[in-house]
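Please find the structures below.
Shared between the two complexes below is subunit A, which has subunit B as its partner in the first and subunit C in the second.
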Partner chain A sequence: MKIIGSRDRWMEAIAIVQKAVPSRSTLAILDGILVEADETVKLTGYDLETGIECLMEADIREKGHIVVPSRMFGDIIRKLPEDIVMMEVSENGQITIDSGKTHFTIKGIAADGYPKIPVVDNGKAVSIRQSLLKDMIRQTIFAVSSDESRPTLNGCYLRCEGNQVEMVAIDGFRLALRRKTVEGDEVGTMSFIVPGRTLQEVVRVLESGGEQPVLIRPSGNHILFDMGDVKITSRLIQGEYMNYRGIIPQTADSTLVVSPVAMMDAIARASLIISSEDKRFPVRLSMSEDDTLVVTANTDIGTLREEIPVELTGNRIDIDFNPRYFLDALKVIDQETVTIAFNGSMGPCVMKPSEGSDFAYLVLPLRR
Partner chain B sequence: MKIIGSRDRWMEAIAIVQKAVPSRSTLAILDGILVEADETVKLTGYDLETGIECLMEADIREKGHIVVPSRMFGDIIRKLPEDIVMMEVSENGQITIDSGKTHFTIKGIAADGYPKIPVVDNGKAVSIRQSLLKDMIRQTIFAVSSDESRPTLNGCYLRCEGNQVEMVAIDGFRLALRRKTVEGDEVGTMSFIVPGRTLQEVVRVLESGGEQPVLIRPSGNHILFDMGDVKITSRLIQGEYMNYRGIIPQTADSTLVVSPVAMMDAIARASLIISSEDKRFPVRLSMSEDDTLVVTANTDIGTLREEIPVELTGNRIDIDFNPRYFLDALKVIDQETVTIAFNGSMGPCVMKPSEGSDFAYLVLPLRR
Partner chain C sequence: MGRIHRLDDLTINHIAAGEVVERPLSVVKELVENALDAGASVVSCDIRNGGISSIVVTDNGCGMDRVDARMAFERHATSKLRTIGDLDAIGTMGFRGEALASIASVSRIQLRTRRPEDELGIELTLEAGTIIRESEVGCPSGTRIQVENLFHNVPARFKFLKKDATEAGHIVEFIGRMALSRPDVSFRLVNQGNELLHTPGNNDGSSTLHSVLGRDMARSLVPLAEDGESGILTLGGYAGPPSLGRSTRQHQAFFLNGRWIRSRVIGAAVDEAYKGRLVKGTHPVVILFLKIPSNLVDVNVHPQKLEVRFMDEGVVFRAVYHALQNALAAGEAVAAFDLQPRPRTGEMPGSRLAEPQAAEPGMPTAGAPGEPIPWLLADSGPPFGIHAESPATDEGQALSAPSPDGPKPQGSGAREDAKPVFGRDLAAARVIGHLSNTYLLLEHGGDLLLLDQHAAHEKILYERLLASALRRRSEGEGMPPVQGLLEPLVIELPLADALALAEAIGSIRSMGFDLVPFGPKSFRLGGVPMEVPRMDPARLLRSLADHLRHGDVADPSGTRWQEALFDAACHGAIKAKDALDPREVDQLLKDLSALEDPYHCPHGRPVILRIERQEIDKRFKRIV
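Coming up: the complex of A and B.
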């Protein structure tokens, strides 16, 4: 194998596939990156659950396959003195890397032993803009459950029906739902559960402003996110997802319109005196008559009391929450105001951006 | 106690004194910051070895002293919504902090139990510009020994004689020396050993471009670095410092003039394949006839070979070094070229900036 490429292109491609390289694997070859030079150069990282493949432009002088030690190879490439990089692999797997007057040799591993990523080639696919998919993941992933006794909740539920795409995450205490009507052909009905860990990797590869489409292609036990040069394959979580239809109440005893930033800042301050280990202490929201929300916390460490201007309708109540559950959702609402609907001090509370119905977040209060 | 101050001033002062607050102390009160409001507001952090005091502008409505929990207090101040901060301490040590519509209360500790920093009030003092003191520390501190069996080498030796100030650090394998002739009155002869840990704190407080003088005032077992609003007091290391006069050879078998950046980059690349745990493997410098230095490393991980253009005089030799020892010194040389003098493959090597004689670094080669 002999290829001439750009240091900066190498660095980009390595950074992408490294996200799927396990930090410590029982299978030593997985600590490496598979480099394949055929018609084009392809890098692969794979932890047996998620595989990331990335195509890279390069001048291929001689085809070949090799597994390079991931961290070491990345460190060497990053420190090379010039952008032009010549990489050559000898018969015995010795890798030489040349750039300017710098000449490295390191040992590679034969590519034969590298496990194959399952091939997903199903006809059905849904196409979503990169930026939209990124938003959908960002606005739900924080509510994925880490409780391994209910595996179906360890992922986001992605459901397509007609022109509508919906992503949902639920743990025992809250539910985040992001919905979007996509343009173009109907995608047909399909649904699947993608592991939260895979989506964390997908979201890091997606570009915020990216208008490029991502082709999402599920097939049996696996799913492929196809971004063109970058492909992420993951196993799916098997099982029936919780039926969340009807969980979100459509009525409310009281509603509150507030700036998400003002609310977030107040609750973040309250969190300071609520130690993260000690979950006994809630943040309390108290609605007063004069369109003021009083945020209080009272713990062994100290107290906080803060007033925020809000628009209030309906019953004035006091209600207690885990502050983190509120912060997680407020962080991902990009609009200027958010509407929060309450159903008494013990009923579920629903947060939505004041405009549009694309996002909803349900959270249960703490018992007082 | 009741004071009205600025959030940003508080944050600056807390950041400075927190450097002397131990992360985990056997004496619980030392986990706090002593706040004293008399004619002015003074904050103190102290770990019984180094004490930092910082004056802060504020409107003092009522005098008083209190110890505040360091981390918590800093977190609260940083998150306050407005710059105007009112702090009030009640008779029973309850601290209230108000800013905008935010109202915190936390518990303070009575100031009586806070240990006193030793008072240093000796007539003798040497005055050095902040930026110069920062350079002197930065260019020597990396060579301070961490071997606790020779306590005198766990600090930098500061020696003043006439108009000359000299700072030296030595471990078993290298010596860094920074010298400067200071303007103004003769400072008289004095010398003392300042713990490396203290200097790490001093250097973080000093400003790079700072033209303000630092008054250095030793007295018996302690030393005071007086920067006006900030004062750092430290114990001194007792004992006789190693006699380093005459250690630096004045002659050389070979000399080499090179760009410190080119040399640093090449050795940093060599370091990649020299695992930091395994000290067996050196970086080798080989001088060739045609004004080229060949840098090589050869380890279990792989090999590096790199050529750097240099100016060579004298004998061409091969010599082996611990790469870190070279990098440490190259990093702190700000000039465009450095002159390195060699005394055979086994003799000490001396690195100096090509212009001026303010800095010298001696390093022993590794045995081959």
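Coming up: the complex of A and C.
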């Protein structure tokens, strides 16, 4: 194998696949990056749960495969003096890395033993714009549960129906739902639970302004996120997802239209005195006038009171919440205004866009 | 005038009743055993007020004719024994012929019985041991006995009866045990008109287990391989995984020839088999059925026949020990590595999946066979020179931590300084690694510290909850805010646990758990206190039920109660991520070193272990 490429390209590709290289694996070969030079150069990291493959531009002089120790490889490439890097693998697995006047020779591992990432292709695919998928993940992933006693909640539920794609996360106390219509052919109905950890990696790779499409291909046990040069394959979480549709109330006792930024700032300020070492306090949302929402926190450190202008329909409210749950949702709402529906001091509270149904954040109040 | 005179029968029966009939459970036990001895395949028990105001036991057994029915209430009248010789080979549950007479003397009894071959049955009514009415009645074949107003004429006993729910709890436990021992009999228990238990009686052990213990627990039990020993003893049953350790022995049941017994020998064999596998202070869930020819066991040593004497205790011990060991190994229910010293058995860690080279069963303290590994047997010193960091002398000992104030171990790893506390500067310890995403490896003063991150987290959480609850109380604040669950969780528990929880439900709710009964064995959890983060509610409730049944929380408004609850809550708490990032580690160490006792988690398990540099040097033969 002999390839010539740019140091910066190498660094980018290594950084991407390293996310799936386990730091302490029982299988030594998994601690390495698989480098394959056929028609193109492909780097692979795989921890048996999640696999990341990344294509890289390079000049292939001679085809071949090798596994390179991941961390050392990354460090070597980063420290090379010149941008042009030549990598050559001899018959006996010796890797030579040349750049300028620097000449490294390191040992590689034969690629034969490297486990294969499952091939996911059963013809079905959903296509979503990169920036859109990134938003959808960002706007739901915070509500993924880490409670291992309920594994199905450890991932985001992805449901496609016709042209609608829906992503849902639930941690038992709150729910985050994002919905979007996608272009292209209808894909039929399918749904699966993607591990939160995989989505974290997917988000890192996705470009914020990216107009390129991501192809999502599911199979029975695995899912593939195909972003062109980068492919992420992951195991799916098996099981029935919670039936969330019945949980989201369609009616409301009170509805507020408010600026999410103003509300987020107020609650963030309240949190400054709420987060005490060993005692947690609620944040109180109450109203004494129809056009003003009062955010209060009353803790053993002190108090905060802040007024926010709102538009109210229905009854005035007086409800306690866990500030964190509110903040997590408000942070990811990009709209100018948001509609918040309350259902008394016990019923669920839902944040929705003022128009449409692109998202829903459901939080249960704290009962006094 | 002679001072000594013969007591009248009523007095004699009263005295006997004191021995045999202690509480409503005793009555239920006698009646149910009689029903089984009568060959019943369906036994139903209906109690009111914990059995104090009424107990009705109905069976479809062989019934009695008029003469037998009258005779049944005579003292030392029995159908189960004819000659003294029969005592050596007792196959029936009862035999002493005391029970009915005793029960009759302290209650009001109505008996209805008919033999299948008779057309009409007979009804007897007794008051304080005397038949006051007798008539022929139409009734189903079998026997129905109703015992009312128990102890109404024995104020001394009556006074000592516990709350209805407590008495009912005992009866539930008993019927549950009987049902387990006799899967071929359908048992039904009704309390205050609610059916608490109903087993199918289809001779299927697992469906009976299901009905009695609830789905979750039944699923996790490992059946013992059917395996007799040398023909004289047959042993079957179920072994709970060590992870299901409970804080009392109430979840252990031993049956000998179909009768529930207490046995120190079997208990010791169970402990020995699970030794090193359990968290300290917990007991495994074990159900054992032994069959031994009745001439090899003496059951006539205890009025309630709870204790028995085995001819050959060694055989019993060995059989139980090996059966459990095998089941545990087969069930992969074993922790892979075990830091507990096993000097008694000389077993190597890691060798336990192999056929155990156990100590001579029957005398578990005897020396071990096989080649001992020298450093494991560092006589008085613990293997590995591991010390549970402990400022106190008590708890650490089970972990073989030499008591710092006690005599110094002579073996390896003896520490020169008697002060194990490094307290506040724990945060300054250098993190050098992370083992299996479970233990943090720290370097501290040249020594290696192992820190169990889950235990540490649990400990921090527990202290935090308790401190906040105490403050709430002292500041007169009400209950903590309740965070509702999106979807209520329905949790099923073994019946006796469920009863214990139901009794304390008011207090549980006042602590911020929105828990409501949901059927006889289930609860619905709709919300948790804001301060208790993620947790596994089923574990929480199980752990709590243990505390309640243990009786450590007699006063549900007291601090002990809160401790128990938070203990349980923390037990259920789940560490969010196993792979901690450095900031989390820092925070953990900081929080931990702020505690007064960072060394033990609320359950007495150690949080930190120390392996001394000297000990490591020694292992590497750098020093001798």
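Miscellaneous remarks
Operating definition for what follows: the second predicted complex is superposed on the first by the 362 of 368 C-alpha atoms of A that agree within 3 Å, B and C clash if a C-alpha of one lies under 4 Å from a C-alpha of the other, contacts with A are read in each partner's own complex, and residues count from 1 in each chain.
One rule holds for everything that comes next: a residue touches a chain if its C-beta (ideal position, glycine included) is under 8 Å from a C-beta of that chain, and two chains touch if they have at least 3 such contacts.
As the structure is a computational prediction, the values presented were derived from the model and not from experiment.
Of the two partner chains placed around the shared chain by superposition, subunit B is the only one that A:Leu272 touches, whereas subunit C remains out of contact. Contact with subunit B, but none with subunit C, is seen for A:Lys101 once the two complexes are overlaid on the shared chain. Contact with neither subunit B nor subunit C is seen for A:Arg204 once the two complexes are overlaid on the shared chain.
Of the two partner chains, subunit C is the only one touched by A:Gly172; subunit B is not. After overlaying the two complexes on the shared chain, residue contacts for A:Arg305 are found with subunit B alone; subunit C is out of touch. Of the two partner chains, subunit B is the only one that A:Pro81 touches; subunit C does not reach it. By the touch criterion stated above, A:Ile247 is placed in contact with subunit C alone, subunit B being left untouched. Of the two partner chains placed by superposition, only subunit C is touched by A:Glu148; subunit B is not.
Interface residues of subunit C facing subunit A in the complex, by the touch rule stated above, are 463-464, 467-468, 471, 478, 481-487, 514, 527, 530-531, 534-536, 538-539, 574, 576-577. Interface residues of subunit B, counted against subunit A in their complex, comprise 72, 75-76, 79-81, 101-107, 265-266, 268-269, 272-273, 301-308. Taken in their complex, subunit A has these residues touching subunit C: 145-149, 170, 172-175, 242, 244, 247, 277-280, 282, 320, 322, 346, 348, 362, 364-368.
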